[in-house]
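Okay, got some structures for you below.
Each of the next two complexes has chain A plus one other chain: chain B in the first, chain C in the second.
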Partner chain A sequence: MKVKREFYRSFKDLPSEEYLSPGSPLCAGCGGLTTLRQMHKVLGDNVVIVDAAGCMTLLAIYPFTPLRSSWLYTTMGSPSAGAQGLRDALDVLLAKHRMSADDNLQVLVLAGDGSTYGMGLSATSAAIHRGLDFWYLCYDNEAYGNTGFQLSEASPFGSATATSPQGTQQTKKNIFEIWRAHQPPYVATVSAHEPIDLAEKVRRAMTMTGPKLFLALAVCPTGWGFDPALSDEIARLAIETGVWPLKEAIAGQVRHTYIPRRLRPVREYLKLQRRFRHLFQPTLWGETLTYIQEQVNIYWQSVAKAEGAKQPTLA
Partner chain B sequence: MVRMLLTGNAAAAWGARLADIDYVPAFPITPQTEIIESLAAWFADGTLQGKFVTLDSEHAMMTAAGAAAATGVRTFTATSSQGLLYAMEALYTIAGWRAPLVLVNVSRGLSAPITLGPDHNDVLAARDTGFVQIHAETCQEVLDSILMAFHIAEDSRVWAPVLVNLDGFYLSFTRESVDIPDEAAVRSFLPAYQPKHPVFRASQPMAQGVAVLDSSIYSYFRYQLHRAVENAGPVHAEVSARFQAQFGRPYGAIETYDTDDAETLLVMAGSFATKGKAAVRHWRRQGKRVGLVRLRLIRPLPVRELTEVLSGRRAVAVLDQSLSPGLGGILYHEIAAALAASPQRPQVLRSFIGGLGGKDISQAEFDYLLEELETVKATPYFGQPELLFTERDRARVRQQLALAGKSPEGG
Partner chain C sequence: MVLRIRFHGRGGQGVKTASRIVGTAAFLVGYQVQDSPVYGAERRGAAVVAFTRFGEEAILERGVIEHPDLIVVGDETLLANPAAGVMVGQETATAIFLNAESAQPLVEQYALSPSTIAWDLTRRTQAIVGVASALSVGLAAATARLVGLIPEAQLLSAVRRELMELHLPEGAIAKNLDLASEVFNALPSLEFPLRDGQETPQKISSVLYEGLLRGSPSILNTGNAEQRQTGAWRLERPEVNFEQCTRCGLCFLQCPDGAITLDQNGYPIIDYDHCKGCMLCQTLCPVQAILSKQEVRSW
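And then the complex of A and B:
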């Protein structure tokens, strides 16, 4: 089940403008980069990106930037505070007629899961609490990717990282619900595999004033351990296995923008990635895999119940 | 001009108000809070136009302040102690952005143990950040320095943030008579802010704070910041001359007090210099040729002025309200380095530590210090610090250790 499209029916309807030129030093197959490109197409002109320490910091390396928009690198812990200062300054200048309305900017925070789920959360929580009018894109690759893939608060149960070599027993922090508990006008999950769903969400949020928060599964060939050619396939499997639900919350009301008819077994997603290889070889961790599958099933049972939708056939 | 009894904090708030600031990102911390409370009230009642916003931490506050200054609004903020250290990463960051804003620090000793009284370990921890640093002695100087600080920060030869320091409690909560200049006079001294540095605008996209992976370019940018802060020396002198012409109050990079014929000089910074001046008056009445040098500008360090005034004296004591464990007084080492190249450097240059956590420095301690300078004939030029501690301090420590069931270390 997909929700009815409001703005973009097919790929052909998506904006053709590019704000991110090719030739960045990011890894081949980076899901975060594709997400930023897709999101920026809908945001259009006049954007200032406030960046946190993370993979995307490498987008702008002096004297180059692949972006047509403006850029401010801040720190790992305070991009949302940088957004506050920028937004406030622009608003003050507009109110005092010291800047023309044509010079106004949309402020977009760009942060990975390391910043978003951890160090940056205090500043973001406070910015949401204040109702700051800004966009937030978290490219969630489920670990500290830029430093070589160490355990973060976004790492999913079972994932091996450089600092959890045998697979973590912690579960992924639910940042979507943490954000939603702050009652911002808009929160969504997105995936680069579903550019129309993503574009629809950005466009829907565009009329809203306040925090507009996007959580993107950023498939990560380097950290997750798969061929970059498989990036889109992995992103697709994350959705079809139900591991990465596509949803939004408008004024706190959650709805899923895609509910699979039938969930593919979560193993199909896991087995393609080096970070989960220890669950399959040398011995098969059957109970662990069953547990992971159960968690996914429980999630979708609750979705069907809450939204009165048809429950997917469980794997 | 009106004259009012103002605390150091109120004088700081008045300085910001007269500078016609646009933006204050804030976070409360003792003993600074009165500053942001005053500003919040003035934004609320329309005295100030723009925005006041409370952030979730000093780290966030300084990031917001830097981002706003980089967008072209006149930005002011204030913190103290733990807050300044919590913001440390952002201090370096926004200095690197060359964000021309003014930060007031109200000095307070650092944890642990957590305390409230002032010393200079907090503000001197920020000495290497790329902020220009001015230390005020009086409430009037706090107000005046903030007006001058915006001038310096916004000068195209500098384009760097400026920190104005005042000591907690001794200045922050002490009322002194303060001249509040007319708004019109202030506007002629410090015109409305029109940024000449690049700012964030839709019509002129720019990338700010970008990564630099080439060490030559990295060094280039760091050297540029060094030059900028160095430039703040001559710019401070120009701004000070203009300030004196307009308002009649002179401010040098250093202040000299009874130094002309002095054989012995005491070097201090901040509000405790007032105690040092009282000691000098006391000694002068006894016919002793002693004077005092107060460091007002600490970044850039006024090496030339210090060398000129300290060279040729018999003895100099630097009284630090800071302690770098394993080294000693922070300013002492900076001043010793500044004097090293002077052929007429003083024969005796001694380091004393006092006033930590706001501990008083009594006349008896000043007397002891002078006696040390006068009696020790063959003191090496460069010596170990002396930690000032009186019999009264010792008694207090013994009493409290006894209550805690401990005996003093070393009996």
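And then the complex of A and C:
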């Protein structure tokens, strides 16, 4: 089940403008970069990006930048504070008529999961609380990817990272619900595999003032351990196995923008990635795999109940 | 005395692991050892350098090896890339080891030292290990043999130890041990005239400057990353079969780097100066209209 499209019916309707040039030093097949590219197309050119230290820091290394928009680089803990400063500065310039309304910029925080779920959460919480008018894109690759793939608060249960080589024992933090509890006007999850769904969400949020928060699953060939040729395939499996739900919350009201008719077994997603290899060999960790599958099933059962939708056939 | 070995390869070929295996093997023999890799913010396919130093006394040298005794090259296509610096300091090198089918044409083309040894590591790695680009063990075995100071037993223990640390399955380790033995016994040992004393490098790391036009871009220009040609990372080359292409535009939408544009008629045009060769477009094309051509032999 997919929600009705409001703005874009097919790929051809998506904006074709390009705001990122090629030539950045990000890994081949980077899912986070695809997401940023797709989101920027809809946002247009009047954007200033506030980047938290992370993989995307590599985008703009002096003297090179792939961006046609502006850029402010902050520490991992402070992109949302940086966004507040920029928004205030722009508002002051506008109020004093030292800047024309045409030159106004949309402030976009760009942060990885290390910053979003952990180090930067306090500043983001405060910014949402103040009702700051900004966009937020978290490219969630489920670990501190840029520094060698150490565990973050977004690392899923069972996944191996550099600091949890036997498999992460903690559960991935539910940042969507943490954001939603702050009552911002708009929260959504997105995936580069569904560019129309992503574009629709950005367009819907555009009319809203206040925090507009996007959580993207950023498939990561380097950290997750798969051939970059499979980047889109892994992103697709995350959606079809139900591991990565596509949803949005407008004024706190949650709705799923895609509810699969039938969930594919979560193993199909896990077995393609080196970070889950220890669950399959040398011995099969059957109980762990069953547990991971159960968590996905429980989630979708609750979705069906809450939204009165048809429950997907469980794997 | 200190023996200095410099390894060159591409991200993903196991150059760092090769330098570690040689370091561990030399350590097991009883030498003092130092090994370290250098790589920038660029990943799979980008040029990687690693260093191993070993000797009888404590090693006080630091940083990059500017004057290697042995240069080990995992990928011959790096010779064409001046930024990879493969030939830096080759005048002091006793030998150069190339993973290539034959040395002669490359020696002539790139004016390499006549004591260049070539061996087709890629073909044997493909045959024994099953992955053409898994060169770490072959490069380490070739190095151990050429320097002549590391016996086969210590080499094999080092291979086992390093691969176990990478959590490789037992079957893959066994195949790599077979490869190590074959390479070790196929190559000769060379005499290395060892230089006395230790060097103090002028710089801990050396910065390579590009020509003025590329090296000093205007920072006021937006999107100037276009001047960086990430196409050199590519291991495989996607090519569009226009007769099959349905102009759906999926490859254009999903290319992470925006290295695919659409022409007036909606056909995809691939920018080979920048395409990193992730091959995502080939996998997702619904009508298989994108083919792959091998760019680097060992992949």
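By our rule, the second predicted complex is superposed on the first by the 315 of 315 C-alpha atoms of A that agree within 3 Å, B and C clash if a C-alpha of one lies under 4 Å from a C-alpha of the other, contacts with A are read in each partner's own complex, and residues count from 1 in each chain.
The rule we apply is simple: a residue touches a chain if its C-beta (ideal position, glycine included) is under 8 Å from a C-beta of that chain, and two chains touch if they have at least 3 such contacts.
Quick caveat, the model's predicted, so the values are computed rather than measured.
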Superposition on chain A - do chain B and chain C clash or fit: fit
Touching partner for A:V48 - first (chain B), second (chain C), both, neither: first
First, second, both or neither for A:R5, with chain B first and chain C second: neither
Inter-centroid angle chain B-chain A-chain C after superposition on A [Cα, multiple of 10°]: 90
First, second, both or neither for A:R255, with chain B first and chain C second: neither
Partner chain in contact with A:Y62 - chain B first, chain C second, else both or neither: both
First, second, both or neither for A:H182, with chain B first and chain C second: neither
Chain B versus chain C as contact partner of A:Y73, first or second or both or neither: first
Partner chain in contact with A:K173 - chain B first, chain C second, else both or neither: neither
Least Cα gap, in Å, left between chain B and chain C after the two complexes are fitted on chain A: 7
Those residues of chain A which chain B touches in one complex and chain C touches in the other: 58, 61-63, 65, 67-69
Chain A partner contacts - residues on chain C that touch it in the complex: 40-45, 167, 169-170, 216-217, 219, 222-230, 233, 248-250, 253-259, 261-262, 271, 273-280, 282-284
In the complex with chain B, residue positions of chain A that touch it: 45-46, 48, 50, 57-58, 60-63, 65, 67-75, 77-86, 88-93, 95-96, 98-99, 102-105, 122-123, 125-126, 130
Parts of chain A lying in touch with chain C, wherever the complex brings them together: 11-12, 14, 16, 18, 20-31, 33-34, 37-38, 58-59, 61-69, 165, 192, 195, 221-222, 227-233, 277-278, 281-282
Complex contact set, residues of chain B against chain A: 22-23, 25, 49-51, 53, 55-57, 59-61, 63-73, 75, 89-90, 93, 200-203, 205-214, 217
